[in-house]
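Following are the structures in question.
Look at the two complexes coming up: subunit A is in both, with subunit B in one and subunit C in the other.
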Partner chain A sequence: MSVLSRGFRRGRSQERSDGRLPPGQYDAGDGFPVLSAGPTPSTPLDRWDLTVHDETGERHRWSWEEFRVLPREAVSVDIHCVTTWSKFDTRWEGVSLDTLLQDAPTTARFVLAGSDGGYTTNLPLDDVTGGRAWVVDTYDGRPLAPEHGGPARLLVPHLYFWKSAKWVRRLTLLPHDRPGFWETFGYHNHGDPWLEQRYSGD
Partner chain B sequence: MTEPAGPSDTTAARRLDGNAAAGALADLFAVDVTTARSRCPSCGKTSMLGAHHLYADAPALVLRCPHCTDVVLRYATQQGRILLDLRARLLTIPAPAPANESNGA
Partner chain C sequence: MAGTALQRRLTWLTAQVRDNRSESPSVHRLVLDVPGWPGHRAGQHVVVRLTAEDGYTAQRSYSLASPPEEPDLHLLVARLDGGEVSPYLTDELRADDQVELRGPIGGFFVWSAAADRRDAQEGRRPVQLVAGGSGVAPFAAMLDHHRRTGSPTRLRLLYSASTQEEILARDVLGPETTVTLTRGVPAGWSGEAGRIDADMLRRRTFPPDEDPRIFVCGATMFAEAVSSSLLDLGHSPSSIRIERYGSSGEPS
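Presenting the complex of A and B:
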């Protein structure tokens, strides 16, 4: 059964004493594990776009060039994967969801992120606004690599990293919650690493 | 859409064939289902489960159609439970031979 738990294999552990390691996690150090549930999509930048939808249809669409000139932010954050690795002081650049969702309809309470390849993940609107979520295209000063979600991925560092959807293309605003790929398969609907919300029922 | 794996697919090297799921699925099924033929819920094409594409790094085993790469099966063990999400439209499984024919009983 070892094949079942490849992603959960514990790497070389480093202790932290500064209170930044959530319960049940280990410090991956310089490593940046890649866990894949499918092939890596490759959408050419001239065909890439990012859209915001609501239940009635498309509200916004940005081409790659349009996305690149939106107001940008640089952030340095800790990230935590449900498979128990954490990585500290990761540096990203991108566009805040406060910018992308600034005229969300008042009825919207949830966001469903959709990616190339069909992946989805759901988030409360309150978790992705107020300076807590970005669509990032730069990691550590360089264009985000495809295996890490490039050209652009969601970054929601205060939740387990499966919520930070790789290859994100669409944000759908919803009045009701709609569980995504892992949330419909036994994983926690919210995914707070400090509360160890790994599985539904945690 | 057919096989998207190419030079740009950096996870292609991590992809296994569906036969690698045999051990895990044997915990659940009384017969070897890797020889079962499965019709994809998305593209409708039929392939042996053992010839599907298996991604085992993720928090579950994810078996994908070798033609369109859509998800056909997800399998995981979590907290003492087995989770199976079988999306295949039709599984055709070779029936095991009757047990009393070969022992001369």
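Presenting the complex of A and C:
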């Protein structure tokens, strides 16, 4: 089927024998590439908040101080970017979406995450509950750097990393799916790296 | 950050290499013939896939350096020492070889003369391009597209290259372009010298009161520095679109 590339060989650093590298990915090692479509926003912490909305309006709002005293979890996870780098054993701290969305209305099936700068991404509720998603403010023991999404970003490690919206400020609960920013530009609606759901139609 | 919806299936196409030539000491220009190519807009990119004999595959993204009007697809590939894919593309790939690619991808970092004709209000806003190194690739497509369509949209490029020898896409650089050299200038150089900073942006780019649409493309450090200087000058965040690449990852 596929066209063989005469003389092309796997790079040495790309080998991993433990089955943790999804198809088509390579190990970025110590690097942590940065990708985003617009400038890095800078919201002062005294003006930062995180809100949960549903179709009828705001359900919850946490200021930075209120967010920081919510029950916290520390996680160590592998992350996979659609541009084909993966990074292993990344350490984060933050608040589980199980905590933030614990009284979600029963009609809610999807979440649209919204960020400073206007970025959005859509996720099924089932993908962000059950201990599979967090809003994190700490990376590798230090406050999350602005270019990596600080002060706080979404972390949904089992999906391609564009779903882990940087600079997240709002989670909107919806009964129906609504494509986010990259999803309307031809990226896959779900984004499972193990199924290589990179682009529309994969 | 609104955009037109694009929900089209992206299939792998077989590209025939027409030419693989040196563009500068560190960059090659790949010229590809891609039967079935659906067309693209200036600024979009493709994913190139290589397959080894043992079935191992590697994919990398490259901006298209050629405009929609050009039937062949041109890629500018920077050779990264120790990389897995780029040395193969620059050093091994020859005319008549085949590679797989799919695209076009990305509908945000694009400029189109036709869209400016349809939307007169948007079309009156000038277009400011700011490139670092091989980040000039999507802008080569935009400049060529601008010229071939005779577009009335005002357009400028500020382009940072390390040395004169590393200036890419010279055939499409015209009076709209200012080049700055960061590692020394030759005798008689009439362009800028040194890294792009707020002062150079003030002198060489459209000011905020002209409300330009700004596109920035380059390595992460470059894109962060340029976009934060643009914000300091008073440009609005929503007027700035960024394509970043490389950075601290493994060479590829």
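The working rule: the second predicted complex is superposed on the first by the 189 of 202 C-alpha atoms of A that agree within 3 Å, B and C clash if a C-alpha of one lies under 4 Å from a C-alpha of the other, contacts with A are read in each partner's own complex, and residues count from 1 in each chain.
Note that in this section a residue touches a chain if its C-beta (ideal position, glycine included) is under 8 Å from a C-beta of that chain, and two chains touch if they have at least 3 such contacts.
Note that the structure is a prediction, hence the values are computed from the model and not measured.
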Using the touch definition from the top, say if A:186 reaches subunit B (first), subunit C (second), both or neither. both
Applying the touch criterion given at the start, work out whether A:162 contacts subunit B, subunit C, both or neither, answering first, second, both or neither. first
Greater residue coverage of subunit A in the superposed arrangement, subunit B or subunit C: C
Subunit B versus subunit C as contact partner of A:27, first or second or both or neither: second
Of the two partner chains, subunit B (first) and subunit C (second), which one does A:40 touch, if any: first, second, both, or neither? both
For A:84, decide between first (touching subunit B), second (touching subunit C), both and neither. second
With both complexes overlaid on chain A, does A:199 touch subunit B (first), subunit C (second), both or neither? both
Where subunit A meets both subunit C and subunit B, residue numbers: 3-4, 6-8, 34-41, 83, 117-118, 147, 184-186, 199, 201
Counting only contacts in the complex, subunit A reaches subunit C at residues 2-11, 13-14, 23-24, 26-41, 83-85, 117-120, 147, 179, 181, 184-186, 199-202
How about subunit C: which of its residues touch subunit A in the complex? 1, 3-12, 14, 49-54, 56-61, 83-84, 88, 92, 97-100, 102, 105-109, 220, 224, 227-228, 230-231, 237-238, 240-242, 244, 246-250, 252
Spell out the residues on subunit A that touch subunit B in their complex, using ranges where they run on. 1, 3-4, 6-8, 34-42, 82-83, 117-118, 145-147, 162, 182, 184-187, 199, 201
Listed in rising order, subunit B residues that touch subunit A in their complex are 4-6, 8-12, 14-16, 20-21, 23-24, 27, 53, 55-62, 64, 69-71, 74-79, 81, 83, 85
